[in-house]
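Worksheet: the structure to be examined is printed underneath.
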Amino acid sequence: MLPHTGLETRDLACERGGKTLFEGLNLSVSPGQSLHLQGDNGSGKTSLLRLLCGLAVPLVGQVLWAGQPTTQAREDFLRDMLYLGHALALKEGLSALENLQFAAALSGQPWVPDAAVQALHQMGLRGREHLPLQILSQGQKRRVALARLGLSPARLWLLDEPFVALDSAACGVLQGLMQTHVARGGMVVFTSHQAVNLASGDNRSHRLGRA
Amino acid sequence: MSALWSLLRRDLLLALRRPSEVLTVVFFFVVVAALFPLAVGPERATLRMLAPGVLWVGALLASLLALNRLFEADHHDGTLEQMLLSGTPLTLLVVAKIAAHWVLCGLPLVLLAPLLGVLFDLSGDALGVLALSLLIGTPVLSCIGAIGAALTLGLRGGGVLLALLVLPLFVPVLVFGAGAVEALAAGLGSGAHLSILMALLLLSGLFSPWACAQALRIALE
Amino acid sequence: MRRIAWTHYAAPQTFYGLAGVCWKPLALLALALALAGMWVGFMVAPADAQQGEGYRIIFVHVPVSWMSMIIYLAMAFWGVVCLVFRARMAGMLSQALAPTGALFAFLSLWTGALWGKPMWGAWWVWDARLTSELILFFLYIGFIALTSAIQDPRRADRAGALVAIVGAVNVPIIYFSVKWWNTLHQGASVSLTRSPSMAQTMLWGMLLMALACWVYTVAIVLYRTRSLILQRERHADWVAQLPELNPGLRP
């Protein structure tokens, strides 16, 4: 099997409201690496993640996955990528399990209820799998969103502020998930204002905006 | 395909658990239909003549009410982004959304219209043609309206803007839908009108989901 | 060679220069054509046997109706270019065309009413053509409302492009349905389109006015696009160095 070159950006530029947030950005994340994006508020971290996952199309530059521009080999890239943004992408009227079931159906994954229940237990939601989401707390809802990480076969994780609203126990679980993923050859690109120390894999960080 | 069914089931399940949205649309239709006799007087011949137009316009406005929220909730909680990033063709997912919208907001209008037609003293034949014209026509309204809903996603003043964009495009459906019932009353037979409505349904069914998917990508960029 | 010229002017900076050179002579040409057209229409063409002097309003009504439809097609064309090639200029051209198109549609409705009143006794008859023109006017207003409501100019361009394309596809359907509706509901159909057999001079008059409207449209669109370019590219260096914006400096 050919070695996977992972995610690359070439000469990527982004502007918002007439101001250039960044330009000439060349990043690369190979299997087994993680990238921590840092920067002040408004420095373009979320915009960069949106460009990486393909929600936004860059005016200048390219995003490459395994050497191919993501605008071309789109379906392959999307099936191999998991994006969790600021919004949790959960329906409040459904239960945690129903939300995970829908997410699996949407990405064409087989639905294994036991695995899903396991993932929820791992995130500390034992006994809350069938409750409607609207009665859970903000932190618990975020844990449900993060439970998708344990179920998804995607190699690339793009996480926007995943540690927000999590208590220290949940932060530990999330870090553990990220560590295992990277150790198995996966890739994680994430933004966070706090310092994150992943024990495994090659961990880099990049600072956007003025240093 | 299973993603399509999953999305359709999800929307129906959500509506079942929170039926207020669907019920408001239905009651709006009833209220609008009830306002007209109050405005023009209870004379039966007048009401019979006005009925097709009034009921069709009422159904149109009721559909418009619900269209605003077609993508709004999914956009707000982030599930719309996930749909764009899922690897399933967006056009298919849009078909599921439009189908769910029609089942929840169009079909009740179709079922209710004959009852309201009785209030307007329409004959049995006319009630049948009215229901049939709405059955064919309301999906077209959902299809065309979905494009407008996608374009106005997240904009302030979205509801009025949506109406402004989409009402001119509704005119053909209105003309042939109400016209079918009027043609029956004039003794001309409604076949031609209903066939043209079918043609409009096929056209919009083929073209709209793709246009709507493009509009969603534009709105989320 | 042609292809190179196209993409050269697709850049806002070069388009700005070209438009600046062109719009004034075009505006003068439009004025000249309009004067010629009106002279033919109001002075030279004979009075109609049936309709007397009042019919002369068609020298304004018909050209503006034509233009309102042509401009919408032009907007749809630039819409396709904007969506397919992601060209910034195409989006700006569409947005520059819209107010003029709306104006022509509005004029068409008013001149139609002014013609209808002395002829048929009513300010508005639900004639198929006039009703379709009314709906076209609403389509223009919808386009303008949507593009003004969206803050991000790129999204506004692309949303407007889609509206223009969907509208253009629907205009024949709408026209057909209104025509159907009209013939069914009106016994004796009065038609503002059934014009008397045209004398040569009448045709010349209308063509001159139509040409005047066309040239005027090009001139005003070029002018308006320059403003849009300045607005959109205001952070660019070349804009900051324009002589218009630096009155004291030597060119």
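A, B and C label the chains in the order they appear, each numbered from 1.
The working rule: contacts are C-beta pairs under 8 Å (C-beta built on N, C-alpha and C of every residue); 3 or more make two chains touch, one makes a residue touch a chain.
Remember, it's a predicted structure, so these values are computed and weren't measured experimentally.
Centrality annotation: B (chain centre taken as mean Cα position, compared with the mean over all protein Cα atoms). Placing every chain at the mean of its C-alpha atoms, the farthest one from subunit B is found to be A. The interface with the greater count of contacting C-beta pairs, when A-B is set against A-C, is A-B. Between the CA-based centres of subunit B and subunit C the separation comes to 32 Å, rounded to the whole angstrom.
A separation of 37 Å divides the Cα centre of subunit A from that of subunit B. Mean C-alpha positions place subunit A and subunit C at a centre distance of 48 Å. Shown for subunit C are the residues that touch two or more other chains, of which there are none.
Counting partner chains per residue, subunit B has residues 221 touching two or more of them. Touching subunit A in their complex are the following residues of subunit B: 2-3, 6-7, 10, 13-14, 17-18, 76-79, 81-88, 220-221.
Contact residues on subunit C toward subunit B in their complex (touch as defined above): 83, 135, 138-139, 141-142, 145-146, 149-150, 154-155, 158-159, 162-163, 165-167, 169-170, 173-174, 176-178, 180-181, 184.
Listed in rising order, the residues of subunit A touching subunit C in the complex are 18-19.
Subunit B makes touch with subunit C in their complex at residues 147, 151-152, 155-157, 161, 164-165, 167-169, 171-172, 175-176, 179, 182-183, 196, 200, 203, 207, 211, 214-215, 218-219, 221.
Of all residues in subunit A, those touching subunit B in their complex are 53-57, 75, 78-79, 81, 83, 85-94, 98, 101-103, 105-108, 132.
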